[in-house]
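Here come two complexes built around subunit A, the first alongside subunit B, the second alongside subunit C.
Let's look at the complex of A and B:
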């Protein structure tokens, strides 16, 4: 298994100090903005057709075909439209967007400008999460450098197309990664998701049609338009084309962000590419897709990592997060950590997520400390079903995914906690360590 | 405010700066996000004084400002120490020994998570994933990231801050 560097093509030079990512001239010197120059000569429909041919799907969570999102926003009579880059990377265990924006911010700007040209928008916003506030100065100077070199701003490369980018900061809320909550936050309100419809494609930021994409999705547009959709569609596997940034974290020997073609095998990724589980322990579980992803056991890791295959296993590939847990951990404790996260981060607008999340956490806690019963498992089943069906946004409904998958794949661990027969790592007091 | 564990006042000169930022967006409640971002570059905490200045200068109610500020984890209305230590609470750090690290920090500073030292220098907080999973367990001290921590390592780092040798 080898890294295939498409998005992180400049990472090695950056790490050696030979590449200054905030200088647009250096990005231009290595074929940067070639994709944008090509896109500027194309019509809106041609750009969308090219994205469709490439087979690019959203890299933020749902894996929605990018060209469809573009086509929802293009057309219409509205003269003001927005392109928003979602850099509110809150999913635990994910840092690909930080790496992308550090190594090659200009590639993200290029993607935004291409998206702007496709839907006829002249304003772009980057919503950066507060935890990455230390990256703000570098991003601001990168935007300024692009403007000075006519890569952004008015009349880009003499084409008559204007596109400006502004940086907006989040203030620390996981829920703001949800698109309508992000809009609310940018409008100076609490980051609470909106009811849909109306959809963002017609009624988004400031009530205008808005195209929101993940950092990685936008960064993919630059190579697609530079080297062509046909070349891009040969990468990865049919249905999930291109490369994917995987953030491998937890108890493995080699942690970090790696760019691999879609469809790599999870088992090989962990045991060969990342050197296996660290400190001589055995593999207990893997959680793909961050805190809201499915928890699978060691027997299930022989699977292909592409968007459809992971969805079929009950989880989601989402942002490419691979959290590896060794058998020095207790699985019930890990699930409890996930649920505590969701309780903290629930915005409180809808009852299923606010109250249901709390109840799920309470029941799992009860089981963890050995005071649970089989009745709790039944209630958890019921709760997850109700929350999944009725929560207002993705945060609420996906908070049930780890619970359902964990109870299914680690049933014996739950039962032994109920029996008071704790795993050795929990000790005599169960999860109360 | 009664729940202040020590007195905290924003310097009048800073309030003037805050007013300058906020007044540029008078009558634009949608820019509250931007104002809070810029204001938090110069003041650590959006205290009552700071919030009232923002509300007055932007022409919105104090409730609007608090409505926004209290929703977000990184904005605070309560006084913080000079250095805010944020410990990542998410799974990758959790399974890499975050509990030992936080215990070491608590021991070193003599306070619990959520508290501020009496001299007003340090606050410890939990926070969701910091996005430094490749160097878990990780903490953020103000805007500086530290990773691959062990109890011994974090004590050495804190010593630098306690002695006042840390770069501003």
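Let's look at the complex of A and C:
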């Protein structure tokens, strides 16, 4: 298994200090903005058709076909539209957007401008995670550099098309990665999701049609338009084309952000590419897709990492988070940690997530410390069902994914905690003194 | 029009309707908690979830628009199970002390619990009541955040209808709470005491400050209880006691008050007429002598505090007239006391108001021109209804009793003070006849009536055109005041009422909706037509009062007893900024 560097094509030179990512001239010198130059000559429909041919799907979470999102926003009478780049990378164990924005921010700007041309928008915003505030000066100079080199701003490359990008900071809430909560936050309000419909494609930021895409999705547009959709669609596997940035973390020997073609095998990724579980321990579980992803057991890891396949396992691939746990961890603790995260990050707007999240957390805590009963498992079943089906936004409904998958894939571990059996990792009293 | 099926029933509803609207059309009552018909949809409680054919997850009925051919199921076992779960999740944070809660009778949370039959199931979730202290600092409103269900109706009203933004959310997730800025006491905030948050609260989280005990105490001390009732009270008491909105019960209220031990029951319509005499004269004087224009009404204590807080530089525009409650208060312990043969020092003067802000007004230190506190205690319509209930009075079947004299007569002009535009209409009737010397043939000024947020009209007084403006709801008042501040308000006379709809929809009444407010408004105009006198200056008792006591409007005695001054309260905002 080898990295296939499409998005991170300039990483090596950047790491050696040979490439200055915030200088638009250097990006231009290595074929930068070639995709945009091509897109500027195309009509809106042609651009969307090209994206459709490429088979590109969203890299933020759900893996929604990107061309569809574009087509929802294109057309219409509204003269003001926005392109928003979601750089609120809050999913625990995910660092790909940070790497992309560090190594090649101009590629993201290029993607935004292509998206702007596709939907007829002249304003782009980057919503940057509060924890990435240190990147702000670099991003601002990169934007300025692009403007000075006519890659952004008025009349880009003499095409008559205007596109400006502004930077907006988040304030540290996970929920603001949810698109409508992100809009609320950008509008200066409390970051809480809105109900849908109306959808962002008609009523988004400041009530205007808005196209919101993940950093990685937008970064993919540059190579697609530079080298063509046909070339792009040969990467990866049918249904999940292209390459994917995977953030591998946890108990493996090799951790980091890697760019691999879609459809690689998870088992090979962990045991060959990343050198297996560290300290000679055995694999206990893998969580794909961040805190809201499914937790699978060691017998299930022989799977292809493409969007549909991972969805079928109950998880989500798209943000590319692979968190590996060795058998020196207690699975109930891992789940509890997830739920504590969700309790902390729920915005508190809707009842199921606000109240139900805490109830789930307390039940799991009870089990973790060896005081649980079968009744707790039953209530957890009910809670996950109601929260998943009635929560207002994706944060609430997907907070049940780790619970459901964990209870299914590690049933015996839960039962032994309930029975008061000795837990090999945390001891009979759940690790509590 | 859109065709859809709800629980097998075909319904046709206009485009843009929600599933909740369509369900109503199909005679299905979907339980709701955060939804309020006067407010924008919030969709945060999730109680109203329904199944929509073809969709994996459930949808909130309040926020989901209908679509052609949609098939909705509102009462499958799955839907009911989820609704119960959501309700039980709310109840797991809610104190289980309904017996001690003032909302026991009309609590929406309890009604939903009844509807869903949760009491038949053992609680499955870990009980963890919200622990927050009660805030009793305000003379008008008591906040009990422990009972809050975070529907956000109150903060929506405070922000959008009244534009004062006193309460909003703090913290997030499980620890979300509705608080004042920096968790300060309500009394120390820019809260205008209007009580509109109480009007929309579905539970006991916001209550009216209960002052009825003061009355019982005064009664036991052998004080002479004298009470005045505001114009809109006669429209609203019956509704609080279970009758239809808009049921007029003037005579029954007098009977009930007498049975409750009040020696004299007087009508604030009288002092409303008096207000018109004073305020109308003041307006004419300002026009004649080049006083500060436009002149703005001062009947509404919530509006006054709003103006003192946000527009302290514009206080000169306010009429110096006290509100009818306070004018009456000053007269009850002076002229009326003599006429009624009571000792002023032994009078305990009570007012029944549709208003929570009046409780603040009676405490203002300048309101003691009679030599005593002018009005000792102000209670709301809700509190009076409670007193009637506690006393076991069968209100529905009470005989009628007339008001006591000498101040038991009010004109129709006084009565319509209760609706937005009423003060203006009453003033115009009098000012017209005073200025022109002619009799007004058509008494109804339709242009100043109705629920439009800001109303404008021009009235021709024999060549002199008076331009008037009426605003209700403080967000609307703010718009008008911004114009006044800029010197761009093209008006001579402005009426402002804090509560949307006017006093008939005031904070002290039964919980509001626009539909109820409309019924109350229609009742007030209907009742007005029946009154023998419909102009303030024709009120015989007002004439007597001037002849015997006050001498002339805006005269020396009037100025002493019936007019007041205002205070700059912008420090309430300044303290916020410098905290």
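Just so we're on the same page, the second predicted complex is superposed on the first by the 429 of 433 C-alpha atoms of A that agree within 3 Å, B and C clash if a C-alpha of one lies under 4 Å from a C-alpha of the other, contacts with A are read in each partner's own complex, and residues count from 1 in each chain.
Basically, contacts are C-beta pairs under 8 Å (C-beta built on N, C-alpha and C of every residue); 3 or more make two chains touch, one makes a residue touch a chain.
Just so it is clear, the model here is predicted, and its values are computed rather than measured.
Is A:216 touching anything from subunit B or subunit C once the two structures are fitted on A? First, second, both or neither.
In the superposition, A:216 contacts neither subunit B nor subunit C.
With both complexes superposed on chain A, which partner does A:247 reach: first (subunit B), second (subunit C), both or neither?
After superposition on chain A, A:247 lies in contact with subunit B alone.
Quick one: classify A:337 as touching subunit B (first), subunit C (second), both or neither.
first
For A:131 in the superposed arrangement: first (subunit B), second (subunit C), both or neither?
Only subunit B; A:131 stays clear of subunit C.
Contact-wise, after the overlay, does A:350 reach subunit B, subunit C, both or neither (first, second, both, neither)?
second
For the three-chain arrangement built by superposition, which of subunit B and subunit C touches the greater number of subunit A residues?
B
Output check: A:190 vs subunit B and subunit C. Expected answer is one of first, second, both, neither. What do you get?
both
Once chain A of both complexes is superposed, is A:383 in touch with subunit B (first), subunit C (second), both, or neither?
After superposing on A, A:383 lies in contact with subunit C but is clear of subunit B.
Who does A:88 touch here: subunit B (first), subunit C (second), both, or neither?
A:88: touches no partner chain.
Classify the contacts of A:172 with the two partner chains as first (subunit B alone), second (subunit C alone), both, or neither.
A:172 sits against subunit B, while subunit C stays out of touch.
Taking the contacts subunit A makes with subunit B in one complex and with subunit C in the other, which residues are shared?
Shared contact residues on subunit A: 173, 190, 344-345, 347.
Inside the complex, what are the residues of subunit A that reach subunit B?
Residues 89-95, 97-98, 129-134, 168-174, 185-191, 206, 247, 249-251, 255-257, 287, 291, 323, 325-326, 328-329, 334, 337-338, 340-341, 344-345, 347 of subunit A touch subunit B in their complex.
Can you name the residues of subunit B that touch subunit A in the complex?
Those in contact with subunit A are residues 29-34, 36-37, 40, 67-68, 71-75, 89-92, 94-96, 127-136, 140, 143-145.
Give the list of subunit C residues in touch with subunit A in this complex.
For this pair, the touching residues of subunit C are 41, 43-47, 49, 56-58, 60, 63-65, 81-82, 85-86, 89-90, 92-93, 124-126, 128, 150, 168-169, 171-176.
Considering the complex alone, what residue numbers of subunit A touch subunit C?
Residues in contact with subunit C: 173, 190, 195, 197, 343-359, 362-363, 379, 382-383, 385-386, 388-392, 397.
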